[in-house]
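Next up: some structures, all given as structure tokens.
Next come two complexes, and both contain subunit A; in the first it sits with subunit B, in the second with subunit C.
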Partner chain A sequence: MTVPQIIFLATAAVTLIAALMVVTVPRLVHAGLWLILALGGIAVLFILLENGFLAVVQVAIYIDAIAILIIIAVMLTRAVMSDTDPQINRMWLASALASLIIMAGLLVIVSQAPDASRGPLVDAEVGLDALGRALVDVDGFILPFEVASVLLVAALVGSIMVAMTPTRGD
Partner chain B sequence: MPTSAISFDSRMSDPFTTIDQFIKGLLIGLGLDAAVTDIVLNIVGAVVLGSVVGAVAILLIWAERKLLARIQDRIGPNRVGPYGLLQTVADALKLITKEVLIPKGADRYVFIMAPMVVVAGVIGLWAVMPLAPGLIGSDINVGLLYIIAIGAIGTLGIIMAGLSSNNKYALLGAFRTVAQMLSYTVPLILALLIPVMLAGSMGMSTIVEAQGSVWFIFLAPLAALIFFISSMAEVGRAPFDLTEAESEIVAGYHIEYSGMAFGMFFVGEFIHAYTISALFTVIFLGGWQGPGVESFPLIGFFYFILKTSVMYFVVIWVRGTFPRIRIDQMNAFNWKFITPLALVVFMVTAILDKLVIEAGFNRTAVHLAANALIVLGTFFLLRAHAASLRRRLEVTDRPQVQQPEAASD
Partner chain C sequence: MVPLSWYLTLAAALFAVGLFGVLARRNAIAILMGIELMLNAVNLNLLAFWRYLWSDNLTGVVFIIVVLAVAAAEVAVGLALIISIYRRRSTVVVEEIDLLRW
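Here is the complex of A and B:
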């Protein structure tokens, strides 16, 4: 077994265990922390694929932004520390079904992926440059990119509307 | 670019490369696989870099206490060792011998992990710090993004500390810290985008190499100022130390920590302050650039340390000079002043840089003039705002002045 393989297996094991803990630990804050560990494991997997950019983005977006926001949301909405709600509510069947569908989709995509043994998928330097150009290229992804920013602005305005205290009653 | 002119021979005169080659030869001579040797060397490099940065904290704490004392007209530590140099060692030994108390009802593992996460998040930043020509932990092409990503892990450590302590002051301190760090990340990133545009890369080495002729502080003084202020807020030092305001919330997120667990937060803060000085040096002051670097790469290391120390002095100076701001002032200053200013500077720089390259003007002169214009505009806006505030105050003051009797009973 080569060294990268050992690192891959160890990382994969940690990621899977952390992911399992996310859905099994009773306290929401702990689940959030385990989620951060699982997402960090995925960042390490990106490094093993020799794509430093995706790894850093994974840390910046998922660990920094989303995971920290989840924890803050939990802190602000619950009776913080001692959350002992039942872990399963009446939506469990629907959510299990949704997860199964997502998993089936992932399996189909992964099975169609090109042979991974050919080494790193894209040269990181070229990939980053091409990504930047594709996002602002008219023939590329400029429309989805702009639509996503409109969506974010809408979310921003919406959150301001929610947070704003009504000043006048008329 | 001047540094690409460094010949291969002068790079070999760099002692770090020699040590690297020596250990590599030794390990391969012992019969280790070449791939394993690389990984061992990476681990050794990481451990050495991390330990040196950690050990420097001892010196930093001494320097800061001494300088703060001078600013406040005191002498500072002068009993242990020459000039009190060993005072920090004594303090560290005392902290290590003390028991780490875990309060009742605390979240045991999270509580113990929090200080480690904070320190690790800071030391991790040094992995992409270009210390000298060719001397960098990992020269990834997304260095600045890495800095932002890893830098926010410290926030996570502080949330963990505040949550797990089972103490309302700790929780309040953590809330304040998170609010402050999350909001000041916005101007921080906007200010960092400007050197990225000027250098055309996010790689730390490339950014330093692009400053061979002109340092970025001359091209983007406003961005440098915004970066400096918002990174001070990220560290949470005075004047942004309301996250651990003793007079309001006792000590903030580390109130329940004792012994070396508390010491770790302390060390983390000092290393973080030094790290932002180093980042400022790399991004705006040309890093290891200076006369003579091309023939002797090792001089670059001394330039880097020298500039970083000057910046660290400024950080301490600010800490010793400014009063602590309130939480509403902190938020207002960020969202109503720094963030809009950073947006304006960002857009002006982006447009001008494109035009300058096409028209062939002097890049430095154009950017300096644009920055001066923005400063002037900001002053006029502030004056107008202050005048309107004063007018409103004069209107609302009158009825209050006429009711002294109502107020007296």
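Here is the complex of A and C:
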């Protein structure tokens, strides 16, 4: 067992336990906090995959923005669903079965993958400046970059419209 | 050295956990949390494949950045919808939001 393997196993265990708590814990605010732990575990795995930039992006967007947004929404809508109400619907057994079947299928595919046991490529270092240039390069990825920006603007305007206080007569 | 299959196995397990959350939870915000878990499993898969098979070009990283942007947009619109429904019908339980059920 090498050091990266030990780090991977510990992080994977923490991430999986946190994810299980997210979907089972009855109090939604606690579920949000467990979600932060799970997302942080993913960020650690990004560092282990030697991409520090995406780890920072993961912390800045997922933990900083999305998780906080979700917790605030939980607090805004708290009064309607008390923590003693059942949080899991009647079909939870069938849902668990479906999830297990999908996981088994994915694991079968993973076990049959030809490259499954190989190690990482040696010269992986892709510089941050190369990524920045490729994102605005006409021969690079300027189209997905611009489409993503337009999508973000549309989503922001749309969510403001949807969440606006209903006017008289609605 | 961590084999590629370890990352893929973890991502599969994380995806299944998120799927269970989406299917079994009653609260709409908890369903969004499950979707976030699934998207993160996909991102982990993409980055692992990029690092182990194609780390000499940038396509995998750009793919992950686009997924992140789409996830942010999806959460913003989803939470706006949930808050709007909460304002009009005073519920966030998906079983009670059945106006369109036929």
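What we mean here is this: the second predicted complex is superposed on the first by the 115 of 170 C-alpha atoms of A that agree within 3 Å, B and C clash if a C-alpha of one lies under 4 Å from a C-alpha of the other, contacts with A are read in each partner's own complex, and residues count from 1 in each chain.
Definition applied: a residue touches a chain if its C-beta (ideal position, glycine included) is under 8 Å from a C-beta of that chain, and two chains touch if they have at least 3 such contacts.
Since the model is a prediction, treat every value here as computed from it, not as a measurement.
Novice: Between subunit B (first) and subunit C (second), which, if any, makes contact with A:V14: first, second, both or neither?
Specialist: Neither partner.
Novice: Of subunit B and subunit C, which one touches more residues of subunit A?
Specialist: Of subunit B and subunit C, more residues of subunit A lie in contact with C.
Novice: One more residue to check, A:L131. First (subunit B), second (subunit C), both or neither?
Specialist: second
Novice: Name the contact category of A:L37: first (subunit B only), second (subunit C only), both, or neither.
Specialist: Touch status of A:L37: no partner.
Novice: For A:V56, is the partner it touches subunit B (first), subunit C (second), both, or none of the two (neither)?
Specialist: Touch status of A:V56: first partner only.
Novice: Per the contact definition in the header, classify A:I160: touching subunit B only (first), subunit C only (second), both, or neither.
Specialist: second
Novice: Between subunit B and subunit C, which residues of subunit A are contacted by each of them?
Specialist: 2, 53, 57, 80-81, 124
Novice: For subunit A, which residues are in contact with subunit B within the complex?
Specialist: 2-3, 29-30, 33, 36, 52-53, 56-57, 59-60, 63-64, 67-68, 71-72, 75, 80-81, 124-125, 128
Novice: Show which residues of subunit B lie in contact with subunit A when the two form their complex.
Specialist: The contact residues of subunit B facing subunit A are 35-36, 39, 105, 107, 110, 140-142, 145-146, 148-150, 152-153, 155-156, 159-160, 163, 166, 171, 175, 178, 182.
Novice: List the residues on subunit C that touch subunit A in their complex, please.
Specialist: It comes out as residues 1-10, 12-21, 23-27, 29-30, 32-34, 36-37, 40, 43-44, 47-48, 50-53, 55-59, 61-62, 64-66, 68-77, 79-84, 86-88, 90-93, 95.
Novice: Going by the contact rule at the top, pick out the subunit A residues touching subunit C in the complex.
Specialist: 2, 4-5, 8, 12, 15-16, 19-20, 22-23, 28, 31-32, 35, 38-39, 42, 45-46, 48-51, 53-54, 57-58, 61-62, 65-66, 69-70, 73-74, 76-77, 80-81, 85-89, 91-92, 94-96, 98-100, 102-103, 106-107, 110-111, 113, 115-121, 123-124, 126, 130-131, 134-135, 140-141, 144-145, 147-149, 151-152, 154-156, 158-160, 162-163, 165-166, 170
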